[in-house]
Amino acid sequence: MSLVRNFIEDWSRYRRSIDEGGFHEYEHMWGMVIDLDKCTGCNACSVACYAENNLAVVGEDKFENGQGMHWMRIERYWDEPNIGNERVRDTQEHGASFMPMMCQQCNSATCEPVCPVSAAYHTPDGLNAQIYNRCVGSRYCANNCPYRLRYFNFFSYYEDSWPSPLDMQLNPDITVRDKGVMEKCTFCVQRIRSTKNAAKMEDRQVVDGEVQTACQQTCPTSAIVFGDLLDHESDVHKLWHKHQTRLGTTKQKKDNPELRGYRLYEQLNTEPSVTYLERVRDV
Amino acid sequence: MAEETHLSATKDIDEKIAWAEINSDVLRSMENPRMGYWLAVVVSICMLMVGVASEVYQYNVGMGPAQLNNPHMWDLYISTFVFWIGMSHSGTLLSAILHLFHADWRKPIYRFAEAMTTFSLMTALVFPIIHLGRVWNMHWVIPYYSDRGIWPNFRSPLVWDAFAITTYLTGSVLFLYIGMIPDLAICRDNAIGWRKRLYTFMSVGWRGDDRQWRNFRKTYLLMACFLIPLAVSVHSIVAADFAMAIMPGWHVTSFPPYFVSGALYSGCAAIITLFVLLRYFFKFEQYMTLPILDKTCKLTFAIAMVWSYLNLIEFASVWYGHDIPAKEVLIAKFTGPYSPFFLGMLFCGSVLPFTLAFEKIRRNPMLLLPISIFLNVGMWLERYMIVAPTLSLAYHPWSWDVMWPGWVEWGIVFGSFGWFGLLFLIFVKVFPSVSMYEVKEMVYHRRRVVYEDAELRAHEYKKGASGASSAAPATEGS
Amino acid sequence: MSKIEFDRRDFLKVMGVSGVAATVAGCDMPSYITSEEGAEEVIPYLSPEEFVIPGVGVHYASTCLQCPATCGIRGRVREGRVLKLEGNPKSALNTGKLCQMGQAGLQTHYNPDRLTKPLVRKDGALAEATWEDALALIEEKTGPSSGLSGGRFAWLTGTISGHQSVLLKAHLESLGSSSHFVHEVINTRVWQAVCQDMLGQSMPRLRIDKAKMVLSFGADFLGTWMSPIHFSADYARFRSGEDRGMLVQAEPSMSLTGANADLWVALRPGTEGVMALGLANVLINKERMDASALPAAALELINQYGVSRTTKMTGIAGDRLIRIARHLKERSPSLVLAGASAAGHVGGYQSVQAAMLLNILLGNIDQTIEASGDFALPQLASVSGGTSDLSRFADAAGAGKLDAVFFDGSNPLFAAPNHLGLTEKFDSIPFKVAFSQFMDETTAHADVVLPMASALEDWGTHVAAYQGGDHEIAFQQPLMEPIYPGTRSFGDMLLALNSMRNPGSYDGLEDYYGYLQSAVGSIPGVLKGEDDEAINVSAWNRILQDGRLQMPVDTRAFTSNLSMDDMDVRDADPAFPYYLVPTPRGTLYDGRHANIPWLQESPDQISKVVWNSWAEIHPVTAAKLAVEEGDVITVTTPDGVLEVPVYIHKGIHVDVVAVPMGQGHEDYGRYARGRGVNPLKILQPGSDAKTGELALYGSRAALAATGRAGRLIKMGNTETQHGRKIVATITAEQQRRNEGDS
C-alpha cells in the first residue's frame, strides 16, 4: 500500500516539477550568478578554492598530463566578439574572454544517474554532491559531464603535495582525498553545513549572504553572487529573476532577448544552478 | 581418386570416419603436450605476469601512470573490455544460434568457440574491475544486503554491466559444460589417474541411456534459447555504457545493434584464427575441414557487411543531423590525430573482409590466419575509436585533449591476451576441443540419413551426373 | 616529527594533568600534547580563552604582506593553526576581498623551505649557529665598539612603513647613517614623482568608480599596479549600471587590465607619452576643447604632435586615435593613468607627465583624481621602493663605500640586471646580514642569516602608500604561534639592534608587541584620553579586532605646477629589432612568490602557462621566426641571452617580445629553483633621467628560433570557443538599455 502511495506521491511531484519549471521540495536551492563583465580573470577564486578545499598541487609533470585539480578554473578564450562592424585586425582589440568554470551543480545532472554506486547524488538543498567514501572510481561521471568539471585523484596526491609544514594548512572541515576518488566543486558545502547548523542552533532561517563560497568571498570585483534561489529576497534570486533565467527549461523565454543571463549548454537539459551574465564590450 | 579428393574438398566431413578414430583423434589432442605447447604456455604466463605487475603497480600508485587524465577518464581499459566482450559472442553464435538453425557444420568447431566465449568473458570481466580507481571496493557495485541499507544505483549502465556480464558468464559456462557432458564421459572411460577422477566427477554419471539423452537434449536446447537473448542483451548493455551518456559520438541510438554486430564479427574472426591454429597444431584436418572454414568465412563476411552498414548509417545520421559537437567528433575521427587508427579500423573492418568474397582465399588457411587477425585488430581499433575520440573532444573545448595510453595500460592490455591464451591452452589439454559425440552425429547423418548437401548437388550437377537422389531431406536428428 | 614515546609514568602524568584540568574546569576540557624534539608538554585548557573552541574557527584580523598594497586580511584560526586567509571587510582598501597572492600568503607562512636557524658564514660557507653567536657577531661588526658609523652602514629593504620604519630609521640614526635603500621592482615611483611635481601630492586618490572612461597607458591596475584589489572593487562599480564606463588600455603587451579592456591598443613601447600628446592635440584642435588650463610651453609641445606624427611614432591608426579622443571628450569625467610600461623608459617621466597633462586638459583633476593629502603621521608613512635605489646601492657597493649592510624584504641579487654587476659588488661588502624567511639569492650571499618569523607570526603596523579613501594604519598581528621556535620577529630584532647601539633606550618594553602598544598609545586620542595615563585595553583590542586604525585625513588641496618636457623616444637598433618587456603579473609578482606551489600551479592569466617561463610573441613575429607555440627561441640583448618557449597570441605589439618576471631562481627553495628564466637579468642599462628609475621596458632584443620544441605546460588546449556559447558578449549599448536602473 505504501508502495502505491509513494509511487503516486513521486509521480505528482514529478508532474509538478514539469508544470512549475524546476519545482523541488527543497529547503534551499543553492544557486550562483557569475557576471562575466565584472570577472577580470584574476584567478583569486581559484587559489581561494585551493586553500579552502584542500586541493592538491600536482606539480608540472602531472599538470602537463592533464591531471591538475583546479575545481575552479578560469578559462581564457581569444575569440573576438561579433559586435560592431569592425574589420578583423591583427590585435586582440576587445581583450580576452574569461570564463570561471566550476561544477555547475546541475539539477538534472548527467553525472548522477551513471554512477554505479550513487556516490554522485543530489542533496535536498539542490546540490550535486559527491560522496568520497562511497566512490569506487569508475570515472563514468566525469566522462558524462559536458563541462568536464570533475577531477579524479589519479595519485595519492597527499603523499607529496603538502610537505611539512604545508600540511598544517589543510582544512579540517573537509577531507584530503586519497587516490581513486572523484572530486569536484561542492559550492563549499562545509560552509553551508556549518551555517545551517548555526542557524538551526539559534532556531532561525539562514540569512542571505550568510553562506559565502570561498571563491565568492575573495572575488575582488564581486562578480560571483551565491545564495538561496528559493529565498525571494536573496541577491541571487533577484539576479536570476532580473535576467529572466529560470530552472526547468532548455530555452529561456525572455521578454527581452537582450537580457544577459544564460546557463552554459542549456540545450543539453542539464539544468545548471549557475547563471552567467554575458560579457559586455563597448564599441 | 582425383574425384575423391575433390569431393572431400566440398564435403563438410568425410562420412567414412570410424567412431573409434574420432575418439582417438580427439583424445590424442589432449595428451602428450609437445615442446611447442609448453613454449606457448610459458609465453602466455610471461604476458600475464606483465599484466599482473602493471596492475600491482597501479593498485599501489593509482590510475595516474596509465596516463589517464581529465578528459580521458576511460581509455584502453574500457575499449579492451568491449573488445573481449565482443569476442565472447562467437561461441554463442555458433553453438546456440546455429544450433537452432540446424546448421550442422557448426558441430566440429563449436566447442572451442564456446570455450573462447567463456574465457574472453573471464578476460573481459577483469577490465571493468581493474579500471576502478578503488578496486578494493568493487563489490559495492553488486546489490547485496548491507546494514547501511545502501544499494547500487540501478540507473547506472555500469551496474547493468555487472549483472549482464555475470549472468552471461554463468550462462555460457553452464552451456559449455552441459554440452560437454557426453564427451566427458568418453574421456572418463579412456582416462587414468587425476584425469579419471576429474572426468568422473564432471561427467555426473553419464551412461548414455535414453532418458539421459532426452533430458540432455531438452536442457541443451533450453540453454541455447536462453543464451541468445542474453548474448544480445549483454552487448546492448555494454553499448548502453556509451549510448546512455550524452557525449557526442556516444549518444547514438544505433549503438546496441552496432555493438552486437561488431561483437559477432570479431567473434567470427577469432574463430577463424583459432580454427586455423587448432587444425594445424592438433592435426584436426578431418574434422575442421575446409568447407566448414569456408562457411565460417561466409558468415564472417555477411556480419562484416552488416557492421559496415551500421557504421555508414551512423556516419550519415551524424552528418545529416544538426548536432555540431557530434559532427566535430566524426570529422576529427577522419582527420584528427586519431585518424590513422580510425582509417585503419575502416580498412581492417570494412575493406579487408572483401577478401573473403573469394573462394580461393576462404579455403586457404595460411592466408586466413593473418586476415582474421587483422579483422580483429580492426575490431579492437573500433572499440578504441569509440572510447578515445569522444573523450578527447566533447562539448567543452577548453578540456579538449589528445592522450596516448601509458605503459601501465599497455601492460594490462598485453597481459589480458596472456590470460586468455593461458586459459585456452589449459582448456585444450584438459577438455576435448572438438565435440566427439556431435561429430559422430554429423557423420552418422551424412552416412545414414540421406542428406542432400546443396554444394554437393551443385557439384554433381556441374559434372552433368544424373545420380542425384530425389529423396526428401530428412530432418536432422536433434 | 619525533616519535612520542610514553612510559607508564609519563602516561600517568598526562592523565594527572588532564584529570586536574577536568576537575578544575568542571567539564570535559580537552588537552593536547605537543612534542618538539622529544620534549613533551601538556597544555591543558585550564583556563581556555573564551574564543578557543576546538572545532570552531575564529577569525583574526591582520595585514597581508604579499605585495606592498597592505590589504587587510582575516585569518581563520582553528586549533592553533591558521587555515584560510580572507579579506578584511573592515579595511577600506580591500573591503573583504583578496587576490591570489594574498590567498597564497598561507603557503609563504607554511612554506617547507623556510629558514629555521640562524646561519653564519664560516670559511666561505653558511653554517648553522645559535642566535647568541649570530647576534654577538652583529654586535661585533655594527655595535658601538665596532667603530662603524655614518654612510658606511646601510639598510636595504623592500617597501616599509609603520613602526618598523620608525625603528629602522632610529637604528640608522644611531649609526649616523642615512643610507636606506628601498628596492621594489614593481613600483609606481615615476607616477608619484609626476603627481608630486604637477599636483603637489604624490598619491592622489584615483576614482576609477567615478570615471566614465579610463584610458590607461600600461597601468595594470587590476593586476599589479599600486593597489589592485582596491581598484578591482572600483572597477566593478565602474563597469555596472547605466553609466558603464569604457576602458581603453594602450600598452605593448597585454596585461590583466588590458585583457578586460573594451578597446586594447598595441602600442610601440616608449611612445605612451606621444600618444597622450597626440590625443591632447586632437582634443584641442579637432574637438575644440578648452586648453586654457595648460601652460603655453605645453601647448606648443602638443601642437608638435599632430595626428600624422603621432600615428607614425606610435603605430596607432589615425582614425582610432581620433575615436579615442572623441570618447574621452564625450565621457567626462574620464581618467588617464600611466603605469609601468609607460614609466619604464629613459623618457618615462615625460610619458607619465603627458598622461597627467591629458587629465588636466580633460578636467579630471578634483573629479576623478582627488586630493588625498599626506598621511597624518609622516614618520609612519610608507617609504615606497623603486629600482633607482637598486642602482644607487650597486654604485655605493661597487665604490666600496659600504662596510655593513642589513637587508630585509627584498631580493636585489635576483632582480638586478646583469649590467649592474651587483653580485660581485655585493660580495665585496665586508659584512652583510640578511633578515630573511627563505634562502633566496641575496640571502645565500649574506654573512649572517637571521631567520624571521612569517608575516602571519609577527606583529607590525603598516601604512599603505595608496590609501583607498580613509587613511588607515593597518595592524599586523600573529595569527598563530611561530611554527619554528628558531625564528624571531623582525620588530623584536629592530628593538634588539637599537638596544645594541643605545643600551637602555627601549627598557621597560618586553618585546615589539609592548613597543607597538605603547607607540600606538602615544598617538593622541587613540588609546587614551587627554588626561588618562593608562592604556585603554578595550580600545586596543578593538583596533586589533578591526585590524585597522582610522586616521584623520588631511585634505590638502592640489597645488598646480604644470610643466611639460619633450618626449624622449629612442630609435630602434637594427641589430636588436624587438623590444623586450619583462611583464609583471600578479602571480609570481617580481619573483617573490615563485616558492609558493599554489601560485606556481595557478595558470597565468593571459597565457595560462604554469610552472615555467614563456615568451609572448605576435603571430606575425612567430611566422617570421617560423616557430609554433612551445618552440624555444633565444631572446638576446647585449647583456645576455634567454632560451624560452614561446606563446603566440595577438595581444602584443608586433615588435615586442614579453617574458614574465618571477621565474629563473637559482635558489629560493624546491618550488622555485631552476625553473624558467629571469628576464630582468638581461635588461639593458638605462634609466629615467628625472627619477633614476631603471628603464625596465626600454631594452631591445634580437630573437632567433632554436629549432627545438620546449616544454610549455598550459591549462586548456584551445584558444577559441569553437562556435559554442561559452562566453557570450553583448554591446555596452544593449547593456545600458536594459540595466539602466541598477
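Each chain gets a letter, A, B and C, in the order it is written, and its residues are counted from 1.
To be clear about the criterion, contacts are C-beta pairs under 8 Å (C-beta built on N, C-alpha and C of every residue); 3 or more make two chains touch, one makes a residue touch a chain.
This one's a predicted model, so the numbers in the text were calculated from it and none came from an experiment.
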For subunit A and subunit B, the touch-path distance in steps comes out at 1
Chain nearest the overall Cα centroid
A
Result of counting contacting C-beta pairs for A-C and B-C, higher pair
A-C
When the C-alpha atoms of subunit A and subunit B are each averaged to a single point, how far apart are the two points in Å?
45
Whole-Å distance, C-alpha centre of subunit B to that of subunit C, is 67
Whole-Å distance, C-alpha centre of subunit A to that of subunit C, is 32
Give the residues of subunit B that touch two or more other chains, as numbers and ranges in rising order.
395-396, 398-399, 401
Give me the residue numbers in subunit A that touch at least two other chains, ranges are fine.
68, 73, 75, 77, 99, 265
Which residues belonging to subunit C are in contact with no fewer than two other chains?
716, 718, 720-721, 724, 726
Please output the residues of subunit C touching subunit A within their complex, sorted ascending.
1, 55, 78-79, 81-87, 94, 96-100, 102-104, 106-107, 110-112, 222-223, 228-229, 232-233, 235-236, 239-240, 244, 246, 249, 254, 256-266, 483, 586-587, 597-603, 605-606, 608, 610-612, 618-620, 649-651, 654, 670, 711, 713, 715-716, 718-721, 724-735, 737-739, 742
Subunit B residues touching subunit A - in the complex, by the definition given at the top:
61-64, 67-74, 128, 131-135, 137-138, 140-141, 150-153, 155-159, 162, 241, 244-247, 391, 394-396, 398-399, 401, 403
Quick check: in the complex, which residue numbers of subunit A touch subunit C?
36-38, 40-44, 46-48, 50-52, 57-60, 63-64, 68, 70, 73-79, 81-84, 90-99, 161, 163-166, 168-172, 214, 217-223, 242, 256, 258-260, 262, 264-265, 276, 278-283
State the interface residues of subunit A toward subunit B in the complex, per the touch definition above.
62, 65-68, 73, 75, 77, 99, 101, 110, 113-118, 134-140, 142-144, 146-148, 151-156, 179-182, 265, 268
What residues of subunit B sit close enough to touch subunit C in their complex?
324, 328, 395-401
